[in-house]
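The two complexes that follow have chain A in common; it is paired with chain B in the first and with chain C in the second.
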Partner chain A sequence: MSGQQAHRAGPGWFTRVFAHGLSGWVTLITYIFMLAPIVVLIAFAFNAGRSTVVWTGFSLDWFEVVWNNRHIARALQVSLIVAVASAAISTATGALAAVAITRRQFLGRDALGAALAAPLVLPEIVLGVALLVFMSFMGVTLGYGTMIIGHVLVSLPFSTLIVRAAASSLDLQLENAAADLGANEWQTFRMVTLPQLMPAIFTAFILSATLSFDNLVMSTFTSGVGTTTLPLRIYSMLKLGITPEINALGTLLVVANVAILFLVMGRYLPLMLKTSRR
Partner chain B sequence: MQGAVELRGVVKRFNTFTALRRMDLTIRQGEFFTMLGASGCGKTTTLRLIAGFELPTEGHILIDGQDVSDVPAHLRPVHTVFQSYALFPHLSILDNVSFPLTVRRVPRRQRLERARAALDLVQMGGFPDRKPSQLSGGQQQRVALARALVNEPKVLLLDEPLGALDLKLRKEMQHELKQMQRRLGITFVFVTHDQEEALTMSDRIALMRGGEIIQLDTPSGLYNAPSSLYAAEFIGETNMIPGRVVEAGAGRARVEALGGHFDVACSEPPAAGAAVTLTIRPERVTPVAANASNSAGGRLVDVDFIGTDLRLVYTMSDGTRVTLRRQNTGAAPPQVGQGAQLGLAADDLRLFVT
Partner chain C sequence: MLAPSLLLLTLFVLVPLCVVAAYSFALRDSYGAVLPGFTLDNYRDLFQAAYLQVFVNSFKLAASTTAICLLIGYPVAYFIAFKAGRAAPALLLLLLIPFWINFLIRISAWVVLLGRGGLINQGAIGLGLIDVPVGMLGTYGATLVGMVYAFLPLTVFPIYAALTPIDPRLREAGADLGAGPAETFLRVTLPLSLPGVFAAALFVFVPSMGVFAIPVLLGGGKEIILGNLIVQLFLEFRNIPQGAAVSVLLLLISGVGILLYMRALRRVEAMK
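Showing the complex of A and B:
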């Protein structure tokens, strides 16, 4: 009786093998699959030869090539300008829209909320083509303006969603309290609502800037003469043949992204955890 | 005399639900006024109407003689202490308390001075730089109070402010709030569902039910002379005794109840034959001699030891339970099962037609 019970209570061999043994391996393999290409990319950035598959020796030459490439420097500058400008517009618009949607009653509120999330599910290429057609119809010259608008379009749903999530978890009573203590709507927003949304707004800004910096599809349709972004430049470099110069550039981008990530996490994650714990 | 707050024919409807039906009320200058009732009685709605978070569907609200019916919350000379405290989590204690002065553009030096004084008033001067999350519930409550008082409002609204505190702290704060109100002379409008708290603190109490005030009286008036069976039941402990009127006289009725006959003082006695409920507070029930008038016999079924008091529960000959409350004098309580004759004096009994 007791033996039977013990047998039934313990996990079967199937569960033991798959749940306890295999899941660890699957996780490991997944990580290798995800990270191996990046490791290889970084490794060959230090290759002495021109090949990105055959190792011939260690050197930092390719980083020097990247450093001296005027086109890359120029593309980086364009990318940064577009990323910062579009992220600023996207975050400001998204934050205000998020506050309006979560805080106010008005006609078409739900429709607006859904419409702002729509670009998430629309193929970006469709958005890009539509914007290009619209711009040429309006007679607008392609350049910084069109590109920034395009990138705002791509990142706006994300920044709205992030700030919306934060805004909907705010305590409505606090705004009542502010009004009760004599603050008008603007003072309430500036002194009570906005400071509490700051971590979310900062996150939205960083995400928008990253989305813009990485963007290729929208940039293809909206860039003009002299506004070639870094991804566009890399893509056109590939057409001329792959050299470790691209690996070196990729390595620098990975390092920069990870650095930003740590900066954000280090500064804002404890802060966000602290506010959410309350 | 002009009231601190006046409600004139105020009606509040939310879609089809009527939260307040025609409320006329004058809250006097400098009084501690309490709105008491079970949840959903309209007490919080009334408070929110005075604060300006809700606008009345009909009628007018006057604060200090000024019609504020259409004035938004931030321009009304009233401040609220919320049950959830509603302290701003991103601001320090000092910045929280000086908030009402900051939005009014009071110069910095004066602002800090007044905020410190307000914190001292509630005995929270010790750590002005802490954040609200670093304080206990009772401390947060004090800070919320300081913040509501710093701008010296004409009227202070308190929405169940002690609801989240434990019993001991609650008793302390009741006492302190009452003292503070006397000292500052500000009109307090207090909302609570706790009848004991209302009795302890208030100058006057409005007992509310179903969006209406059913009795407006002093604590002793409400306790000693409830105007309805609901009021008698809601406030304090009460014995409810079913009976039937056998004879109606001038200012008096003779009622058959508990297997005997009782004279009851009553200004408008109902006609003979009417079914009534008699009520009497447990501390007014007294043991009497077996042949005393206005008394009935019962058997002790339960003794509750409360500390200061003893509660003795009797079952009467018709099955009704009557509770007697007497001071704990240190003498041994009577044995369960003993018989006793309970006297219910004509002036202590109240009669309600059922």
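Showing the complex of A and C:
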């Protein structure tokens, strides 16, 4: 970065925003609107008193309350199990479908591509209800199994799209070379295609796990006795009223989510910066 | 390689949706338990005033959320795409952060901010705008604020994605031919970005119809929308046939939304 650029990025940003007229103003106000509530939320997690609006002094007591809340610990455990299991299934299924769609010619290929993206535009609440009705119709007890399946349906379109985007941009010459050298289809996939797709598969896994971890709608219909996830627990806590305990729990989740976001984006951010500098 | 995804979609999406559709025509006893038989009563009952009010509420909320999100999201996407320069990736990342924070936690922040003792009331009293705290929580406005807050990032990304590939030479050509900034925007930039606007509208409108937590937490549950109705019918009243009919209706509304989206997209493509 040259000195001149660094200077431009420095104190001039405020005037630059306002020099840009309406869109600059709207953007500035929008970012305050989007981020300020989160700052306030985090600040009051450190409040000494029970109030989430009146500041009475700094303390870490509410983090201790969260730490000692057995319900939250149990819900966190359920959420993590469902997130990891559903993300693993979603990523594996999505990656296989993505490779098949980008590599093979078959009847109904476009239709399948559309069907895989369909849960994205169907209302999640209807998918949840349908799964609930179907499972009770089949006599299946609601619990981990039903919830994991439900979360896979929610994340599958995303994991498929991510791996598909990566698979369609790969250099086919490598795979052709492997085939020329006598590798069969499975060997080519495992030793040539798969290693190149690992970054996309990793991203798909993290995104799927995050979607599952935050899910409320699908969980509302597919969770059973003893499988209350963290969002379900938070929802019932919120309906009873808000104490800084929610803020403390929220702060911990914010830190965890942002850390994961940077972990994933860390791979892509340098790339994005490079392309924007063109 | 396709077997797992086909199996998942067929067994857990297609078949369950068919079961729901079948239940929506089933008879029920006075407690809502399913009885064998065929009836259209579950759909006929949807024309009762109470249900019609729910549809009106849902449509009003989804439509206003979509409109506000587009009105705010477009200038933001425009700024990031054309004016932010090297700050663009950072701005996109900042917009991702709230999107990745548990949405209930984000809504709880608004419950606190809009409360009688909340910072917005405190600030307004401090500035002398009002004398006594205003009860904002439990109003339609509060629900709308929460909805826009939840869905706004979903509008910025598709519009941004549609704006960035626009060839700068097209915009320059407009200016060279004597068009002012407003005319260049209306006749070059806006038409070219319409596919992104349609996608954004679809991404906001469809999920807005099925939301249930925001109207309960911020709107005080006063205005029932389709999402609340489905949760109540299935999980509280256990009235599966009636709930199935409402679900089928919501599915049809989404289908209409998708068809409208595809038609609008084709029309824009034809214009080029």
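Convention: the second predicted complex is superposed on the first by the 240 of 278 C-alpha atoms of A that agree within 3 Å, B and C clash if a C-alpha of one lies under 4 Å from a C-alpha of the other, contacts with A are read in each partner's own complex, and residues count from 1 in each chain.
The rule we apply is simple: a residue touches a chain if its C-beta (ideal position, glycine included) is under 8 Å from a C-beta of that chain, and two chains touch if they have at least 3 such contacts.
Please read all numbers here as calculations on a predicted model, not as lab measurements.
The superposition on chain A brings chain B alongside chain C with room for both.
In the superposed model, A:52 lies in contact with chain C only, and not with chain B. By the document's definition of touching, of the two partners only chain B reaches A:196; chain C does not.
When the two complexes are overlaid on their common chain A, residue A:181 makes contact with chain B while staying clear of chain C. Once the two complexes are overlaid on the shared chain, A:133 sits against chain C while remaining clear of chain B. Touching more residues of chain A than its counterpart among chain B and chain C is C.
Within the superposed three-chain model, A:33 lies in touch with chain C and out of touch with chain B [touch as defined at top].
Of the two partner chains, chain C is the only one that A:152 touches; chain B does not reach it. When both complexes are overlaid on chain A, the residue A:44 reaches chain C alone and has no touch with chain B. Think of it this way: put the two complexes on top of each other by chain A, and the tightest Cα contact between chain B and chain C is 20 Å. Common to the chain B and chain C contact sets on chain A is no residue at all. Contacts from chain B toward chain A in the complex involve residues 51-53, 72-75, 78-80, 82, 84, 86, 88-91, 99-100, 102-104, 133, 147-148, 151. Put simply, chain A touches chain B in their complex at residues 171, 173-174, 176-184, 187-188, 191-192, 195-196, 274-275, 278. Contact residues on chain A toward chain C in their complex (touch as defined above): 5, 9, 13, 20, 22-24, 26-27, 30-31, 33-35, 37-38, 40-41, 44, 51-54, 92-94, 96-97, 99-100, 104, 112, 115-116, 118-119, 121-127, 129-134, 137, 149, 152-153, 156, 160, 210, 213-214, 216-217, 220-221, 230-231, 234-235, 238-239, 242, 246-247, 249-250, 253-254, 257-258, 260-261, 265, 269, 272-273, 276-277. Per the touch definition, chain C reaches chain A in the complex via residues 1-2, 4-6, 8-9, 12-13, 15-17, 19-20, 23, 72, 75-76, 78-80, 83-89, 91-98, 100-113, 115, 117-119, 122, 149, 152-153, 202, 206-207, 209-210, 212-213, 216-217, 227, 230-231, 234-235, 240, 243-244, 247, 250-251, 254, 257-258.
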